[in-house]
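Structure incoming, see below.
Each chain carries a letter (A, B, C and D) given by its place in the written order, and its residues are counted from 1.
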Amino acid sequence: MGTIGEPPISNGMISIRGICKCFSSNSVLKGIDLDVHSGEVIALIGGNGAGKSTLMKIIMGIYQPDGGTIYLNGEKVNMSKPSVALAHGIYLVPQEPMLFPNMSVEENIAIGFTDKKKELHTRIVDIMSQLGWEIRLDRKANTLSIAEQQLVEIVRGLLRNANILILDEPTSSLTFNEIKSLFQLIEDLKKKGICIFYITHRLTEVFEIATHVAIMRDGMITLKGLVTNFTKEDLIKGLLPSEAKIKNTEKSEDEIEYSKLEPVLEVKSLSGYGFRDIDLEVYPGEILGVAGVVGAGRTEFATTVFGMDEVKSGNVLLDGKDITGLSTRQVLDKGLNYVPEDRYLNGIFKTGEVGINISSAFLRNSSKFFLNTNAEKNLADKYIKDFRIKVTGQDQIMGSLSGGNQQKAVIARVLSTSPKVVILDEPTRGIDAGARCDVYAIINQLKKQGVAVLLISSDFEEIVELSDRVVTMYQGRINHRFNKKKITLDNLTAASFGVYEEGNDHEIGE
Amino acid sequence: MKLVNRIFKAREISSLAFLIAMFLIVGAVNPAFLQTKNLFLTFNGSVVYILMAVGIAFVILSGEIDVSIGATLGLSAAVSATLLRNGSSWGIAIAAAVAVGVIIGVINGIGVTVFKVPSIIMTLGVNGVVRGSIYVYTNGKWVENVPFDFKSLSQATFMGTLTYFLLGVIVLTAVVHLILSKTKRGKYFAAVGDNVSGATLIGIPVEGTKVAAYITSGIFAALAGLMYVSRVGFVTPTAGNGYEMKAIAACVLGGISLTGGVGTVIGAAIGSVIMSSISRVLVFLQFSSDYDNTITGILLIVIVVADSLIQRRLAEKARRKRLSARTLEEVGGGSNE
Amino acid sequence: MNKKVWKNKLFRWESALVLILLTEIIIFGLLNPKFLQAKVLLGSINDFISICIISLFVTFVLITGGMDIQAGSIVGLTSITLGVLWQDAGLNIWAAVFVAILLGGLCGAISGFLVAFTGVQAMVVTLGGQFLYSGLALAVVNLSSSSAFEGISGFPSSFIKLASGSILGIPNQVIIFIVLIVLSYVLLHKTKYGRYVFLCGINRNAAIYSGIKTKLIIMSTYILSGMSASAAGIVLTSYLGSARADLGKELTLPIITAVVLGGTSNLGGKGGVIGTALAAIVIGIMRFGLVMAGLPTQYLDIPIGLLLVVAVAARTISCNQGLMRKVNKLLKRA
Amino acid sequence: GKKESGAGKETSSQETNADTKSSGGEETKSGDISVTFVPKLSGNAFFESANVGAQEYAKKVGGYSVKYDGNPEASVANQVAIINNAISQGSNGVCVSSVDATGLDAAMKKAKEAGLAVVTWDSDVSGDARSLMVSQGTPEQLGQMLVDMAAEGMEDPNAEGITYAWHYSQATVADQNSWQVAGEAYIKEKYPNWTNVAPNNYYSEQDAEKAISVGESILTAHPDITAIICNDSTALPGQAQAAQNLGLTSKDVVITGFAAPNSMKDYCRAGIIERWGLWDCQIQGAMGTYLAYWLAAGNTFKVGDKIDIPEIGTVEVMPNTVLDPKAYTADDSGVVLLPERTVFDINNMDNYDF
């Protein structure tokens, strides 16, 4: 539904008219029209690769549009480069943090500001405390976890006093408390009359803070309007490809007979850096959810089991065999594999082809010395088909895929080693509803095949939906365990913040 | 404690420590080395290297490399020396030399930013062209008989021992350091080298910054060329051959990371003093000059490896401390740091 | 961009190199007919064979995202060691050759180890290696009865034949080169090892998470380039009939030039040996031809430098429409 | 560069004509004869002025043209490449100053077989690999010359406690080292009272900056050193500059060696250095290239013959053994010794301009 002719320029604080963009052959934006007024928060939702980030990058002047114009308060502006956008009070908090790794947090926030160092510092401290986020300002950015990096990016954006603020999936790796405080702040900004683009894949958030919502699909805006005019179902309908059914993840309600089963993975009072005294066992065909707030130590626990970090004490048994302190390579061979949290840092071969990405772990067992190109091809094709990875071919360059498809490819690689145990760390981070359903389907698939799944996620809805049992981590320790009945949002949230008491908890169907 | 860590982290401090240690050891073996006279000779003798290193530091900080500075030194030296010999005024000679530096810098900059030629290739090519032009310009001959007054400039001293050259270089380095560490635009160089896309996002003119870096390194190489002429008094077509590698090594010794974004020109200056002292040190240690390269190589590797290991240990220690800290917190403290 | 495009790109670049090569041959042939005599043309390879041999394997190093500026100095070290082993230690010449190759591998291994295990930038380590190994070469001479400046000569003719002989009119050096091209091509593009080399270059972390022993892979590439350097040293020694400590000291930059001109990215993760081989020949023939055309050697750096910059600039531009537009705009303005 | 490269181009185009006429065959009319003049490295004062001599002489005598072809890097491989190029390019003769005593043998023999006249100058290859060598003298002669110049600078060379050192380019260059070796031997016998403070010598790799810093260090590390012998044309001015930086003059330390007059005149006037030496490399270059032409033109010689060189004089072809007793001897391989070597000082230096 591209625009025919130029509609009159509204008095929007920012008005976008007929923006088009294509990368080489792939046309990503096909004539976008959008108006946002002061004090509005427009939630931009849409599948991976719908073109949300691209549109924002164009507004920010990072990419040049192939066609179309941008009006600020009615007058035409040529966003030739970011400095122009900044000069007009536009600021983009990018989807993937772009900090300066060798600078301290403070320098990262301060760079580009002209104000006095002193008052800037006080402002930073203020906003931090206002948000209740605690990151030491003198830490080097390259020691920050992905989540912390995102916090810093947000703080930077808020400090800019931009009058048009773009938040591209700011909460993709945050958890409740951070998000809550962020939303309070956004409310204030609303009142100040700042207009905000808010990109997210979490529909609940849309209803929490957005005034307007726009859905993008295949480079066009398929529906837009006041949030109040829509229900969650409407949005989901609008998101999914017209004929696709809304939920293809049939939640398997059948209880697992634990008594009959031997645990595949046993962790016995494991202590390492960032966590201690972890006791848990995962059974074949079970999904064990691991909930917790950012910094709870879940990633550290997972990576340590995966042989990336040093074990302080305790041990890990896989099929009763001790795999404590083995190298990643050995752990892999023993049949445990891990989907990393930071996709860009540890997950993808950005400039490599999708095929190469998928086969990279499978190669070792595929052939002795020479490459077995056929086996590779078949493998890649299989997963691209099964996981509905959206590519022009298995030889598309990974970096040009959208987040969701990249994530699917990474999961494909992990499964290509046919592991007995899979650890998924934030498997749906920055992934759209459609892809999310696919990933859930994949996970349930694994469950059926009798693979044991350890699901780390900051998105508790996800955990509630998928897990058979849940442990919550709090400050590096497992502080509570929940069986199927007791897995509810409130319980998990309470437990993750260490304020859960037995008894006054909510059984499902109470 | 914090201070100690800070000092450990400030790489240039540890290279300074190394420099001092080296001098003391040599002094222990052969006290003649520690005579103030000789120390000043050593420092005065490293001005050319310091200029080269400080100049190239801009390029390395901004994440690129420049292997054409050796040739730049050669050409600017040849040009200025020829002018001086043919009786033109100092002003003209200096202007000409600097012009050479600027032009080469601009060419490098354009090639790397506009035509996106990998910097090693761009400057490698330019290096060849410039080196060749020296032969064309000098017709392969030496440029000799530079006027005595210009030569004597290199010996003019401030309070007896400290040459004006050294004084100037020190001041220059200090100023540059302040610019890079304190001013908004100065910080851009490291920022660009640290994360290009991040720099673009916050509106830093990435390409402009890189061009500026190359021009700076060109100018500094040209100044080095002038000092070369004044110190040496004649210019061979091979003047400055291989200095680019020495300058790079100096930067590395001084704690500048070749991946960009990390380091200070102070460090570069210290590194160049180390580099230029080695051949002197060997004389005092009674080592055969045969081992000149062997020792340079070993020093370079040992220092850099040792340093990198220390830095990594510190980072890892910090990380683990932070992580453990989170687990040891009293249950109930709601923070996650 | 999809594979066909991507493949085309490499393909296009390699064929571009072939084109450059042909034009060179034609032009120089017109300037000096002698140039076209097969004997002359093939013979000319003798004088840049070492660059060809070494750059083939330095390609591996660059693909892992590393850098190797020490290969040149390993050539000299190998050559003199070979001489000393044969003359002073009285080793059989072929045994000496074997040891020399191992030595080259060892030198590579040392640098490679430091690069892979201590995380020091490759450029720095190999810069150190460059100083170190050229220095060691002199140290080795001091072990020998003959002094550094004389060099060691009088090798058995069987050894001299290695480089100066020919089979069916094809100089041995050319044959050696072809064999090595095939070898490195298969190794890099047809084996798992080669794939791992690429993966390490694209994203080392991801490679680790895929269970690849990145440290060993990275280290191994330096061993390969070290051994190729010693191979070159041996060929050169045999060709000159004299073992010297200072052989190859001027090769460093030409090698890097050949590799990158061949289309290998100095940022890692991308490249190939065919391009390298072609580029090495393009440069070699260019030098040779220009001299044949009467240009004194000392001016050679100018055209070579220009070729390098222009060629690579042309490549990057043609690969990038955005740039294309920009450049066109610039040209229009001018 | 114009004049020179111009000359180069000119000759090459002539050759191509020649070749097309005589299909690469070697019978050539004089006037088409071209000689490739190969220095150890280009851009070095010594070789550059030798080239000037060669070029000017060729113009004067006529009948042949000289192409100067050297590589900025002094290395065997480079020189072999240059000789090969000369062969395939159809040059009629080469006149080489070899960086390696044996490394060029193969290439030179190849040139000989290809019918080129092969002559060496300044620094030789094996006797059987070339016809004539234009020598500035034997290593002994030059080593002695260096030592004698040093001795002359001292009040009393036979006094006790005389210390000295050698400072030149590198351990790997042939001639400078052979002079040093010969000089050492000469000192042993003639001045046993001298002591070498650095038996393994100081090197400055033809880097002027390095020559100065090494020079300064020598003078401070050995404050009372009597003499420093710099048998390298970069090391000598560098060493002199170092002395100047330390405010030393020829009274305090004797600095001498080989370098082109122009590069040392200032230091001599400043009283930092009294005497240094060289042979007239311009004449040497002229003779070398002329003899190459002479042979290429079809003339032959036997050891003992006399060859007349226009305007320079008549020279006698001596057996190779004058340079090295155990050298290869044959009728068609001999040595021509240059008239003589010059010692420059304040009085005569201005008669020379190279």
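Assume a contact is a pair of C-beta atoms (placed from the backbone, for glycine too) under 8 Å apart; a residue touches a chain by one contact, two chains touch by 3 or more.
As the structure is a computational prediction, the values presented were derived from the model and not from experiment.
Taken together, chain B and chain C share the touching chains A, D. Should one ask which of A-C and C-D has more C-beta pairs in contact, the pair is C-D.
Using the mean of the Cα atoms as each chain's centre, the chain most removed from chain A is D. The mean-CA centres of chain A and chain D are about 73 angstrom from one another, to the nearest whole unit.
With centres set at the average Cα position, the gap from chain A to chain C is 45 Å. Rounded to whole angstrom units, the spacing between the C-alpha centres of chain C and chain D is 33. A straight line joining the Cα centres of chain B and chain D is 37 Å long.
In chain A, no position touches at least two other chains.
Taken residue by residue, chain C touches two or more other chains at 138, 148, 298-299, 301, whereas all remaining positions touch fewer. In chain B, the positions touching at least two other chains are 131, 135-136, 140, 237, 257, 288, 290, 292. Every pair of chains meeting the touch criterion is listed here: A-B, A-C, B-C, B-D, C-D.
For chain D in complex with chain C, the residues that touch the partner chain are 1, 4-5, 8-9, 11-13, 15-16, 19-20, 24, 42-43, 67-73, 75-78, 80-82, 84-85, 88-90, 100-103, 105-106, 170-174, 176-178, 181.
Across the complex, chain C meets chain A through its residues 1-6, 190-196, 198-199, 202-203, 205-213, 269-270, 321. Across the complex, chain A meets chain C through its residues 24-25, 308, 328-329, 332-333, 338, 340, 345-353, 356, 360-361, 363-364, 366-367, 369-371, 392-393, 395-397, 400, 413, 417.
Every residue of chain D that touches chain B in the complex is listed here, in rising order: 1, 3-5, 42-45, 48-49, 51, 72, 171, 198, 200-204, 206-210, 212-214, 216-218, 220-221, 223, 234, 237-238, 241, 244-246, 260, 262-263, 265-266. Chain contact summary for the complex, chain B toward chain A: residues 184, 187, 190-191, 194-195, 197-205, 257, 261-262, 315, 318-320, 322-324, 326-327, 329, 331-337.
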